[in-house]
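Below you'll find a set of structures to go through.
What follows is chain A paired twice: with chain B in the first complex and chain C in the second.
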Partner chain A sequence: MIRLQGIEKSFGRHPMLKGIDLEIGTGEVVVILGPSGSGKTTLLRCLNFLEKPNAGRIRVGDYEVDCRTAGKKEIQQLRLRTAMVFQQYNLFRHKTALENVMEGLLVVRKLPKREAREQSVQLLEKVGLGGKLDAYPSQLSGGQQQRVGIARALALNPEVILFDEPTSALDPELVGEVLSVIRKIAKEGITMIVVTHEMGFAQDVANHVVFMDEGKVVEEGHPNRLFSSPKEERTRQFLKRITPDGVYSI
Partner chain B sequence: MKLDPSFIWKAFVELLSVVPTTLLITVVSVACGLLIGTAIALIRTFRVPVLHPVAAAYVTFFRGTPMITHLLLIYFGMPLIVDGVSAFFGWPFRSSAIPMIAFALLSFSITAGAYASEVVRSGLIAVSKGQLEAAYSIGMTTPQALRRIVFPQAFAASLPNITQLFIGMLHGSTLAFAVSVVEINAKAQIVAATNWKFFDAYLAAALIFWGLTVLIERAAGLLERRIQLYNRGGVA
Partner chain C sequence: MEQEFDFTYVLQFIPKILSTLGTTLTIVGGSLVLGLAAGLLAALPRLYKIPFLRRVSQVYVSFFRGTPILIQLFLLYYGLPELLKQADIDLSKTPVLVFVILTYGLHVSAYVSEMIRASVESVDRGQVEAAYSVGMNGVQAFTRIVLPQALAIAVPVFANLLLALLKDTSLAFTLGVMEMTGKASSLTTLTQHFVEAYLSLALIYLAVCLVLERLLRVLERRLLRHEARPVPAKSFESWRTKWLPFGLPQAFKLRSKGGDA
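Let's look at the complex of A and B:
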């Protein structure tokens, strides 16, 4: 279970998150929607302290921290329980696909090399890259890099995987392969929080949709309910703009 | 004026005997310089309190003054400090016991440290922030992330500049003559002093420096190709 209470974050004098409360059950697939600048990505990055929240409490599984007082140790504990898939993949450029996945197992989990290798090969096979073990990121397509990124996140067996616009940097024809991998692991019951603009994905896979605007949660609920009968005017406006039936589609 | 090939050859052979001195000065100053430079670059990159302005001052002073000035400052300043400390504690040690080359090694290391800090800093900047974030996201500590993720890439990115530093220090090592260290250039002067064929002797010295530089370039080229292996792919 993940619980956020009163998360606040500002950049300089500009408040980005104005007190976010959110509860996420184990195994839930949460999609965070919202216009750009609404704080979705910032919220995600606060969860593993890539951005340090100014206030609030974060609970992941059995571990809870007070953001105001969290030190190195607390942050480390939080990061051991989370993993992230980045918009720009951020694979370790000087390491092969296999080494990218093994890195966390070797250095953080301190597994013996053989075991780490075995697990990593399995994960890469799972994301359809069993044949690319020794390829460097620069030799892989965007879609393949992102799938390595997903395998790297899975390797740590985290309580939750945070996806930060995982398909936004991809060529349109590569989006499908990444989404289908995310779909596949969603079905395995791994808790996921996904910031995305893929409405189709949100409708099919999510079982919890959060709509944010101007640093606040405007509305949340099951996708069927939220998409068909949003309560808030702001949500309605957003949904109308993002799914403008027949106007254009990319 | 006529060139004397047989004397050039004789000078060349004699100069070879002091190549180890030149290489010692170069290698020690670059190695120490890279250590100092890495520390300085990290302090400046992470803006370590207290040390950060000290590091900035070090870089601006030593980049802002000539290498030979550093050598002379060390040469005339160090004995004062050493003898003062020695006298204070009642040790028998006197600065006159310090070998001349030690002044050159110390001084050039400090010079190289200032240059190297910018080389290392440019390498660190070349590694995208996302690399560090990815390392953090899988639970690495900052030292782990630096050692395993950032440094290898920063090193690869700064190799051409490190080579440049190496060559610069090789040629700069000639300044050691100012404190009576006999390296290649000083030896050329000594060899020529017997028959006044300075041009021939310095020509031999030039050939040796050129040869050493080509060797450094070749070695760096090989290392670069090996280390940059991961950048060979076509797609970004």
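Let's look at the complex of A and C:
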């Protein structure tokens, strides 16, 4: 289970998150929607302390921290329980696909090399890259890189995987392969929080949709309900703007 | 009186000058070690944005990059003993070579510090974030992710720096150090064959530079093997096969190992 309470974050004097509360059950797939600049990325990055929140509490699984007082140890504990898939993939450039997935297992989890390798190969096969183990990121397409990114996140066996617009840097024809991998792991009951503009994906994979605007959660609920009868005017306007040409379905 | 040009002198001079190659390489090696260490130290306050030290490091770097190396040599050689005399430290018996290595070391460290700063800063911020996101700590992220990538970026800069250093050591003879230039200069006084002496000297510097360039290019290809299109290692290779019929010793033949693709 993941629980956020009163998360606040400002950049300088500009408040970006103004008290976010959110509860996410184990195995849930949450999609966060919202206009550009509404704080979606910032919220995800607060969850693993790539940005340090100014206030609030974060609970991931059995671990809870007070953001104000969290030190190195607490942050490390949070990061061990979360994994992130980045918009720009951020694969380690000097490591092969296999090494990218193994890195966390070796360095952080301290697994023996053989075991780390075995697990990593399996995960790469799962995302359809069993034939690209020794390719460097620069030799892979965007879609392939992102699937390595997903395998790297899965390897850590985290409580939750955070996806920040995992397909928005991709050429349109590569979006499908990445979404279908995410769909596949969603079905396995891995908890995930996904920031995306892919409404089709939100509609049929998410069990919970959160609409954010100006650093606040405006409305949340089951996708069927939220998409068909949004309660808030801002949600309605946003959906109207994004749906006509934003629909994507596989 | 200047003598007429006679190529046999070149052949005669080369081994004589080569006998002092060791001294030149000692200066290069010594100042490189010192330069790398001091350079890293000077780069840290700027990388970590430590308020006051950062300024100090900037001034230090500006001084050694902004003044001629010859003047730095004189300042350290004549000035440092004077300064330390106040503290009752006697440097009058210290070998000249120590001052020379110290000067070149500090000089190089200024460039090394800039090189380190620039190459570390040019590693994408997302790399560190990815490292953190998988649970690495700061030290792990730096040594396992940032450093290897920064090194690869730094090699071409380092190559320039090293070649410049090698050539700069020719100024050490102004303090009477018998390195290659000093040796060549003494040969001219002895024989009056100026052109032959300096031609021999030039050929030796050139040869050493070519060897170093070659080694560094191999290193660069190695460190950049993850980039889809590695830096071309061809230019010198084709030049060599075209213009140097004898080739270089086997040791420097490029072996592009399987993994370099």
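Please note the rule applied: the second predicted complex is superposed on the first by the 244 of 250 C-alpha atoms of A that agree within 3 Å, B and C clash if a C-alpha of one lies under 4 Å from a C-alpha of the other, contacts with A are read in each partner's own complex, and residues count from 1 in each chain.
Basically, contacts are C-beta pairs under 8 Å (C-beta built on N, C-alpha and C of every residue); 3 or more make two chains touch, one makes a residue touch a chain.
Every value quoted in this text rests on a predicted model; they were computed, and no experiment measured them.
Participant: Clash or fit: what happens to chain B and chain C when chain A is overlaid?
Facilitator: When both complexes are placed onto chain A, chain B and chain C end up clashing with one another.
Participant: After the superposition on A, what does A:47 contact: first (chain B), second (chain C), both or neither?
Facilitator: It touches nothing on chain B or chain C.
Participant: Considering only the touch criterion stated at the top, classify A:111 as touching first (chain B), second (chain C), both, or neither.
Facilitator: neither
Participant: Go through the superposed model and pick first if A:217 touches only chain B, second if only chain C, both, or neither.
Facilitator: neither
Participant: Name the contact category of A:98: first (chain B only), second (chain C only), both, or neither.
Facilitator: In the superposed model, A:98 contacts neither chain B nor chain C.
Participant: For A:90 in the superposed arrangement: first (chain B), second (chain C), both or neither?
Facilitator: both
Participant: So, A:60: does it touch chain B (first), chain C (second), both, or neither?
Facilitator: Neither partner.
Participant: Return first, second, both or neither, reflecting whether A:151 touches chain B, chain C, both chains, or no partner chain.
Facilitator: neither
Participant: Once the shared chain is lined up, is A:141 touching chain B (first), chain C (second), both, or neither of them?
Facilitator: A:141 contacts chain B only, not chain C.
Participant: So chain A touches chain B in one structure and chain C in the other; where do those two contact lists coincide?
Facilitator: Shared contact residues on chain A (touching chain B in one complex, chain C in the other): 48-50, 72, 76, 79-80, 82-84, 86, 88, 90-95, 103-104, 107-108, 136-139, 152, 156.
Participant: Provide the residue numbers of chain A that touch chain B in the complex, in ascending order.
Facilitator: Residue list for chain A touching chain B: 48-50, 72, 76, 79-80, 82-84, 86, 88, 90-95, 103-104, 107-108, 135-142, 152-153, 155-156.
Participant: Tell me, which parts of chain A touch chain C in their complex?
Facilitator: 48-50, 72, 76, 79-80, 82-84, 86, 88, 90-96, 103-104, 107-108, 136-139, 152, 156
Participant: Given the complex with chain A, which residues does chain B contribute to the contact?
Facilitator: So the residues of chain B in touch with chain A come to 128, 130-131, 133-141, 144, 148-149, 152-153, 156, 229-236.
Participant: Touching chain A in the complex: which residues of chain C?
Facilitator: Residues in contact with chain A: 124, 126-127, 129-137, 140, 144-145, 148-149, 152, 225-228.
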